[in-house]
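Multiple structures are listed underneath, in structure tokens.
In what comes next, chain A is part of two complexes: it sits with chain B in the first one and with chain C in the second one.
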Partner chain A sequence: MFKLRNQELIILIVTVVIFAGFSVFLDKFFSTGNLLTLMRSVSILGILSIAMAVVVISKGIDLSLIATLAVGTALASVLSSADVLPSIDLPFIYAVILGFIFTAILCAMTGILVAYWDMASVFVTLAMAGVIYGLGRTLFIRDELNYLPEDAAWLEYLGRGQLFGVPMPIICFLMLAIIMHLLLTKTTFGKFVYSIGDSGLAARTAGVPVRPILVMIFILAGTVAYFAGLLTAGAISSINTRMVAGSMIYDVLLVVVVGGIGLSGGKGGMHNVILGTLLIGTLLNGMVIMDISFIVQNLIKGIILLLAIMTDTLLNPRDEQTTQQGDI
Partner chain B sequence: MSTLRQRFLTARYNIFPDHVFGEILAKRWADNAIPFLTLLFVGVGLLFILPGFYTGYNLTEYGRQYAELGLIVLGMTIVMMGGGLDLSVGSIFAIANLVALYCVHVLSLDPILTLLITMGAGAACGAVNGFFIGIIGMRAFLTTLVTLIIYRSIVDLLLLEYALDISSVFPDSELWEYIGDGDTYGIPFVLVATAIVFIVGHLLISRMKPGWHLTAVGGSRRSAYNAGIKVKQTIFFSYVTCGILCSAAGFMYAARMASTGAETGKGLELTILTAAVLGGVSLGGGRGSVPKAIFGSLIVLLLLNGLLQFGIQGGAIQLIFGIILLLTILIDVRWVKNRFRLLNKVYVSPTYFKLPAPASIEAKSDSAYAVNDKLKDVSVIGLGKVEGPEDVILDDDDNLYAGSRHGDIVRFYGKNHEKMEVFAHVGGHPLGLAWDKDYNLVACIPDMGVISISQDRKVSKITDETNRSLTSVIDDRRLSLADDLDIAPDGRIFFSEATIRYRLKDWPMDCVESRGNGRIICYDPKTNKTKTIIRNLKFANGVCVTKDCQSILFAETFGMKVSRYWFEGPKKGTTEVIMDNIPGYPDNINRASDGNYWLALVGMRGPALDLALTLPDFRKRMSRRINTSNWLFPNINTGCVIKITEHGEVLESLWDLKARNHPMVTSMKEHKGHLYLGGIQNNRIGKYKIPDANKNWSGFQDYWGGK
Partner chain C sequence: MKFKALKLIIAVVAMLLPLNAQAEKMGIADPARDKYYSALEGKKVAFVPLAMGFDLTEGWYAGMKKALEPLGVEMILRDPNWSADAGSKAISSLISEKPDAIVVHNPDVQTYAKLLRKAEKAGIHVVQVNMKSAFPTDAFVGADWIEIGELVTQKVIDQCGAGTSQKIAIVQGVLTAAASAYQLRGVSNILEKNPNIKVVSNQAADWDSTKARAITETTLQQHPDLCGIVGFWDGMDIGTGAAVKEAGMHEKVFLATSGGGGKTGCDNLKNDIFDVFVSYDVPGQARDLSNVVKSLLQSGNKPGKAGKVSLFTQLQTLTKDNMASYMGSGACWTVESLASN
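Coming up: the complex of A and B.
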């Protein structure tokens, strides 16, 4: 089904080696309990990486994913919580839909700024992360920590339930990966995404509606991130907006870049996301078991990411001829 | 008598300075207008909204903050000018803060030594960024985003280790305290230091090689590489410089706050980026300066402190700064993209210009302009060998010289001028040519000025600038379109500059404008001074010293007239129009052997353009709305040569109706019974035998006597 390129083969081998190494040297690593924990903890990361992957394939980047995730989900839980809107007593499912509309509108704004106003996606999404967080915190969300209402049991099942012994987040991750894979490879939309990533100018000349597609890509990514947020909330019955300031976005970038989706666009697919997620998940889990402090973890992740981007640059050198002004 | 409409049009289009808008927009400093106005708006706004915002204590405090902020923004500006970006500035700042504190508090080092060590640390951090981005070629944004975390982790690790040691000791150094809160003549010392860095930085960036290389690399990497600039090193050093500036700021912060807080410099990158973009530094490179960095950082400083005094915090500040960043990037993108489009739209600023119907040129009329076919049989010299001989000239050995579009002056020699050689390479397209008394060939070259070529082919500059007029927005000191010249007996060179507002290739636009942007300039070899003597001419063109050697005749191509200016004698300093309302566009003027003057008409007027010249609003609309290639331009249809007296009386005209042998006439020189014709778009030189002409008359002898 997937044809592995050299780079992907290397990642796969590295993953297997690290996995084997951890299994041998860390006595708590290779146990069913730990492996399930590992899979569950990385599935959120994996879902976010799916969102990022779609954007990166179209030669963009979305640094506002975590803000979307946290603020959208927190908004949904706030809207349905009893002490904010007691008179309406909004069922959680409606709150989820309202949260979705909020995210979709903001992501559409991001997309419009990128597509129609020719601004570089890095800056737009960097600034939008602040805007989304600030907007949510000043208008809707009073507290950092927001608990899910009682009628969110279905979400909690999605977040920490099991189906045939497999944790639901993993199933969600795999399902989403399959859906996205089909979307990217079997539909016109997917072909457009790749063509835009290869060369936006050529795609436009060939008649691809580049701008609307770009807006759709950002909405799609935001929606997937929002879904990841719901799962996170479901797993621990609450959502903390502080995670916006955390380093999760770097983990997501790490997965995408290490997985082999070139930042120059037009390359890679869902198998890269799964590979990257496995590798980074294993690493993170191993570091937790080895009791490496959070700061050192960040340092290690940073250095790995730096090396990964370097490898990516050396493997896919940027084309100076077609690089646009402001594409930094 | 002028009608009300005419008076209105004159007031609106001729007196109202329309052209100034375009000229201001074309200035490099116009780029700073938006940041400057924003700064003014924010500064004055805070004065009214927050009384007491600018009180003495606050000002000192802002001064110290600004010293640090300004340095980091300058660093970011330098990196951005090279086409990069540095998001790790906040972390480098934090590292520097920690290193400085450790050196002074724990190691009790001298502050000067500490500064050097701190800057070394900053340079090392910058070098890491520079290595990955400059040498390896990684994306600046992601790379510095990652080094941001790495440096931050290093700070956190070091803090765990040394925070207690640092905060338990109080340094005993007067200099350190002075850096922290000392004043120099009432101004915070750090602010003075930063000001000095700004001045040095401005000189380095705008006046010296490092800055030029940096701008070139940021503006167009590929071209910079092809021009031989070391692109990778330039980028590398831009990051090192940024690291050093950030660490200097961290050093100042350490002296001021002595804080070991983990939050130091967190989120600073967004503030700095916003400041740089607000100042007008472009993302993607090539555009930036120290004043821009100063404006941007001032705006952000005022905004930050203003918001804090309002009591706005946390999420709301993020929201406001996020929106500001988005808006400024938006404006930056639109401005950079559309500035020149806007400039093109507003630059051409037509005026009202009405002429009566011209004299008839009908073949059967008794007008002196009546068309004939006398030039039909001109013989052709150098067909296909020369391109764009605007003017020609001959020496007493019958060698024929002409300018060429390739930047050469070519010489035809041999009995029938059948051989050709490049006489001298001058580097520009030579227009007017004349001999001086030492047999040097003097030429007017657009964008270069007036140059002289000696008989042994040495090219030397005579002049390339004149006096600057105070009211002109365009720098009219430089000669932009030197067109034709002639030399008075005392060696003074009188030459015309067709227009100061357009380049040679855009010359018809000056007609669409008809504003009078040309001038007559005089170069005096005795004083070696160049001075503008007549201004506001509509495309000043041909210049010829009259036989009495007391005046010059000069033509205004798009004024359709010829005037006489006295530089000696009783009428010295006065100008008199001798021909007006010419039916064509007059070009070069040269002496004829019989004491009269030859005048070239490069094209004939048409009623459509004559009408359009009275409709400035129409031409303005035309210049804004339609493509330049579809504009109504002066017709370069059929040219002719006319002979005039020094009082402007037309004696005869020479036409070539089919224009087969010699399509265009911009100049003509008489020599030993023949008239040699040049045309700026021709690939040949024409030779016409003048009936009954003096067979021994040559231009050089007429001007300077025998050899």
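Coming up: the complex of A and C.
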């Protein structure tokens, strides 16, 4: 089912080597407990990378994912919190639906700007990240740190519960990866996504409704990010909108690029996301076990991102076609 | 002639007498009272926090507003939303607007130092809150971070004496943030005196609860016999505590942290997320801030000319059992409670 390209093979080998090395040299690295912790700590990152992957496959990029995640989730928790709307006393589940509508509308706007206004997604989403955060914070969310209401127990189960000893976020990540894999490989929508990523112009000539599909892609990505936000909140019973200013979006890009989804679009799939997530998870986990300082950890992550992009360029050299269409 | 004049005076006095008796005041007048009100009436005080929207800055601002606005002081708020650059611009523009005082929350010791000197030269009183700049101004109000680091570490070490594994972990904030760096000095002051304690993990979680959670999970896997964790901020350590609790180890692993002493911190003590919560008493700090501003505006001193004062906050060491007794002195506050009553 998965044809491994050269790049994926390299990443797979690197992951296996690092994993084997840590298992031999790091005490207690290779234990069921630690491996579950490893997977659990990157499962949210993995879910976000699923969202990013779909956009990147269509030759776009979405830098507003973290803003969508944080603002959508914070909005849901604010709407149902007793302090804000004491008169209504909105059940959390309705607040979650309202949060979804809010994110879907804003993501549709992003998609429309990219698809119908013909703007580069990197700039649109960079600007939209600010718009989403600003709108959310000015209109609805007074505090950065927002606690979940009492009736969010089901979400806390998703965020920190276990099923047969496996933490729920891991199960959510894998389920979502399977659903997205089916969507990308078995449906017309998925075929359109790849064809747009390959060449938007050719896709349009062939009769693919490029613009509506692009809008749908951004809504889909935003929805997945919103789900990741709900899981984050479930895990620590709160959501902090300050994460918008953090470096998480680069970690997401790191997973996607390291996993081998080419930035020139039209390539890769969910197996790349899982591979990338595993590699980053292994590295992060190993570095914490070795107690490596934060600055050195960032240095290592930066070098790996550079190496991955260099490999990407080496294995997918620029030809006439990519030069004409440019990168994302 | 003389007699007539005398009669007239008597008549006038007689007319005034009952009136006088009616308007006669009881008690005595305070001669300094008017001076206090006139010194504050119409004054402008600007507040430049790191960002609004979190418990510390919301608490200070609400407290200052409540204390100063009824006296006719106009409060100006400039929110740079975590950007030191935006903060510098805000202070620069304030210098030309010339409020009577600026209350500033420094992002680090260097960034605002020159601007604060400039502000005082321009005749604006500068009060620094919780984070000191390298340039000392009229007043500093805030926590002694080194003391907090020492206190929190000592609380953890008290639980990790002989007979335990004596292994502890440290969850820092952002490495470059002075609040984190000073606390670390406090931590190492105590560790020097306790060579038996082994620090098995010393990681920066970036003030981010999700990162703190992931780091702590890994540390607990690696060291299931961990004895205690030194946390640097309650907002981040809800993640640390969640990881400990989820691993079912909150009975064994002692988590101490610090913060503004708000209701959410107290809730986390109640829910066994934290074991010790050192509070720097935001309601108390807000009152200190307001009073320092009041005294500076009354003093008549030129900004930066009189002696520079530091008011370190009296810390409150809260636990699940003792927090009720601290509630009377401001612990477990909410922004609403600071803004109203």
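In the analysis below, the second predicted complex is superposed on the first by the 316 of 328 C-alpha atoms of A that agree within 3 Å, B and C clash if a C-alpha of one lies under 4 Å from a C-alpha of the other, contacts with A are read in each partner's own complex, and residues count from 1 in each chain.
As a working rule, a residue touches a chain if its C-beta (ideal position, glycine included) is under 8 Å from a C-beta of that chain, and two chains touch if they have at least 3 such contacts.
These numbers were taken from a predicted model, which means no experiment stands behind them.
Of the two partner chains, chain B is the only one touched by A:M310; chain C is not.
Applying the stated contact rule after C-alpha superposition, one finds that A:A235 touches chain C and leaves chain B untouched.
In the superposition on chain A, A:T188 contacts neither chain B nor chain C. By the touch criterion defined above, A:I295 reaches both chain B and chain C. When both complexes are overlaid on chain A, the residue A:Y250 reaches chain B alone and has no touch with chain C. In the superposition on chain A, A:A127 contacts chain B only, with no contact to chain C. Legend: residue contacts after superposition of the two complexes on their common chain; A:R137 is shown touching both chain B and chain C.
When the shared chain is aligned, chain C comes close enough to touch A:N285, but chain B does not.
137, 295 are the residues of chain A that lie in the contact sets of both chain B and chain C, per the superposition on chain A. Interface residues of chain B, counted against chain A in their complex, comprise 83-85, 132, 136-143, 145-147, 149-150, 152-154, 156-157, 160, 221-222, 270, 273, 282-285, 314-323, 325-326, 329-330, 333-334, 337.
Only residues 51, 53-55, 58, 82, 172, 175, 200-204, 206-210, 213-215, 217-219, 221-222, 235, 238-239, 242, 246, 264, 336 of chain C touch chain A when the two sit together in their complex. Residues of chain A that touch chain C in their complex: 27-28, 31, 33-34, 37-38, 40-41, 44, 83, 137, 141-145, 147, 160, 232, 235-238, 240-243, 245-246, 284-285, 288-289, 291, 293-295. Across the complex, chain B is touched by residues 61, 113, 117-120, 122-124, 126-131, 133-138, 247, 250, 253, 263, 295-296, 298-299, 301-303, 305-306, 309-310, 313-314, 317-318, 320-321, 324-328 of chain A.
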